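See the structures that follow.
Next come two complexes, and both contain subunit A; in the first it sits with subunit B, in the second with subunit C.
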Partner chain A sequence: MPATKTIKIVGRRTINAVWRIGMAARFFFLTLLYSGSSFRRFHLIIKELFSTGVMSLIIIIVAGLFVGMVLGLQGYETLKRYGSESALGVMVALGLVRELGPVVAALLFASRAGSAMTAEIGLMKATEQISAMEMMAVNPIARIVAPRFWAGVISMPLLAALFSAVGVFGGYFVGVVQIGVDEGSFWSQMQAAVDFREDILNGVIKSFVFGTAVTVIALFEGYDAPPTAEGVSGATTRTVVTSSLVILMLDFVLTAIMFRGN
Partner chain B sequence: MTFPKGKLIAIMGLSGCGKTTLLRHIGGALKPAKGYVKMDGQVIHELDQDGLYRMRRKMGMLFQFGALFTDMSVFDNVAFQMREHTDLPEEIIHDLVLMKLHAVGLRSTFNLMPSELSGGMARRVALARAVALDPMLIMYDEPFAGLDPISLTVVGDLIRRLNDALGATSIVVTHDVQESLKIVDYVYFMANGVIVAEGTPDEIRASDEDFVRQFVHGEIDGPVPFHYPGGDYRQDLNLRD
Partner chain C sequence: MERTTLDFWVGIFVVAGVAALVMLAMKVGNLGTYNMSDTYQVHAYFSNIGGLKPKASIKSAGVLVGRVTDITLDTERYEANVVMSLDKRYKFPKDTFANILTSGLLGEQYIGLMPGGDSEMVKNGDVMKHTQSAIVLEDMISKFIYNKAEEPAKSK
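What follows is the complex of A and B.
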């Protein structure tokens, strides 16, 4: 009965997916509930900010620079057709602060910091460090998960802003220094066209949402990973895949809400 | 099972017989389907989270491979509970940690990371961490697994001495018959989740129960068969009579 078997498999997978979403929602709620102690001992968040934020700086800066340079090249080629090369600064800046900054930085953050968080927590579980903490009457969600969650939420918008800033300089380098677009129009048009609330603030909100989503996925996958080598590697892969899809899906939803009709 | 105050008790049995599960019930990590665990006058599975955490502060546990926090130094591992559960000033914590490490012979390793320790040393640091707050109950999950003969004797000796020094109760889940019979006061043998034999080390050594004899002397065949139960061998090989 292949049809019955298929229905069974689909049903089991659907139930499993719904169950995991429920568990992740409960996990997120508990993380928020037990966040108080993290703020009372802010040094725990600072430590995690270093490993998630500072350690991601290189990949964010290098990627931001190249994305900005590509935008500069592609933008110049397109704008030249309409005789609007002077609007290159606007195009690069809007492309980065509205879309590419938050999205690409979040994808890189998921690959670099999210996978590391999952692997670290999964290995802590596999080596019984989380059980040991529970046996010491210390809540692992308050001590391990919450500081990492807030570090992710805080560092993501900062990394996205840095990505966009470096990207603008990449676009400047290609457009102004290499191709010869007028420097004055590059900066002045950018200053005139980029709105703080509409563009920059919305970009920050996007990266904040992405940061929350990626960090919750990474932490949940690590915490829920089977305590074996295979389990941890599977959880790490799921973190990157799920985070990437969720980022792109959320990006569409947020863009539709933020920039509809503008 | 009863674990009287001041006693060191071993729980032995085959892998998968429920020894570690029993420790998890005592620690309140699992809720029993039937029966209960009572400690210090309180039924563990009836406690709420705060009550359970208060009870766990009276417990210490040594995990099979130490379970030291790999992102913390030896000092910070031992100081962990003191910082989490007390308001002691850092100078006092410093002295207490060094005293605990001195008790397990590893005072000079305080600034090393867990990755720089041998298996036996990691187990001893974990032991210092388990007794950091002078618990009334100390649980050991396979404390002798994977240790060389010297480390094994050292860990066994430390378990006995710490129990006596703290006046605590200790429960050792182990397969290591010879080492544990040297140090414990009483032994329970478990199989399939139930107690199949019990007694003092001398009674266990002299026991003529088949299961105990097979386990203590490491005999290949007996109540625990060499072959995993299954179908007829000749039939599996498709042989005719």
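What follows is the complex of A and C.
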């Protein structure tokens, strides 16, 4: 019967999905549990901060600059119709600080650093380095996973802040330097409209949540990958797809909670 | 890579990130512009506040002197009770006028303070007695139209 077969497939997929979510949650709690020892050996975190944070700097800065410049151009074209070009700074700054900074930086982070994490850990598993560590009574979660997790969580808000700051300057460059919007009203209206707690701090909280989600997904996919070349490549793809979707969904939820009152 | 170069680059990364945050807070946000550390509260009753919102600015002679902190409806007088936080550096006479004004034709609304001539100054918790409500554009237009409609009838 083809109908029962389809239902069986749906059932198996659902059970697998729930199983994996449960495993990921257990993995997350184990990571938190064993992260004390990685703080005592802080150079492990610093090494991972280099490969996740410092190596992502260039892509974040270039992307932020161009996103800010596009916002400046498009915002000017729209605001010009209502004769309120002086509100360009407000539009660029609020768009970047609230939404684009955290979200786009997290998407770039997922594809730049998350995929690398998954591939690295998946290959470690495929070449049996993780089993070797277990044989030597070294806890692989404390030694490999936890430093990478904390490096991701620390670097994500910093990268998002850099993205927003560079983006504001991109908007400033296009709007004020090239098009000729008044510089005073660009900055003063921005400062009057952007609230530190309401906008900037909420953006930082967003990027912190995204950073946690992306690193947990990337590390879990790597740790859970089948130890073959195919398995590692599949896990890397899944990391990018899943974390991008999770970022966008979490963004909607967080925005609904944070900015509903305004 | 050597440990010290690694430390160096990570240090640069963290410093740049924190500097970006500080720049966002100071230059983009409102943290650097106005510090509301020492304030005193003054109440004012308005029959209509129009589009006034909490955090709206309070200006005297165009200078920012405080912020609106709270707006509630007083059910005894059915008027809006606006709590204003004014900077301690600025004292105002008791008969100061509080007007709800609009910056530009369609801009946001703020409270303008017009000092009177009283020698006594308002203190924390006082009520400003002289207020002028917001000008609602629809009321003005409808008044204008009614006046225009009445004019020819009177002239006959």
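Just so we're on the same page, the second predicted complex is superposed on the first by the 262 of 262 C-alpha atoms of A that agree within 3 Å, B and C clash if a C-alpha of one lies under 4 Å from a C-alpha of the other, contacts with A are read in each partner's own complex, and residues count from 1 in each chain.
FYI, a contact is a pair of C-beta atoms (placed from the backbone, for glycine too) under 8 Å apart; a residue touches a chain by one contact, two chains touch by 3 or more.
Computed from a predicted structure; not experimentally measured.
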- Item | First, second, both or neither for A:127, with subunit B first and subunit C second | first
- Query: Which touches a greater number of subunit A residues, subunit B or subunit C?
  - Reply: C
- Message: On the A-aligned overlay, A:39 touches which partner chain: subunit B = first, subunit C = second, or both, or neither?
- Response: neither
- Is A:135 in contact with subunit B, with subunit C, with both, or with neither (first, second, both, neither)? first
- subunit B - residues contacting subunit A, complex: 27, 29, 52-54, 56-57, 59, 61, 63-65, 67-70, 80-81, 84-85
- Query: Taking the complex as given, what residues does subunit C use to touch subunit A?
  - Reply: 1, 3, 6-7, 9-10, 12-14, 16-18, 20-21, 23-25, 27-33, 55
- Query: Contact residues on subunit A for subunit C in the complex?
  - Reply: 43, 46-47, 49-50, 53-54, 57, 93, 97, 155, 157-159, 161-162, 164-166, 168, 187, 190-192, 194-196, 199-200, 204
- Query: Which residues of subunit A touch subunit B in the complex?
  - Reply: 123-124, 127-129, 131-139, 143
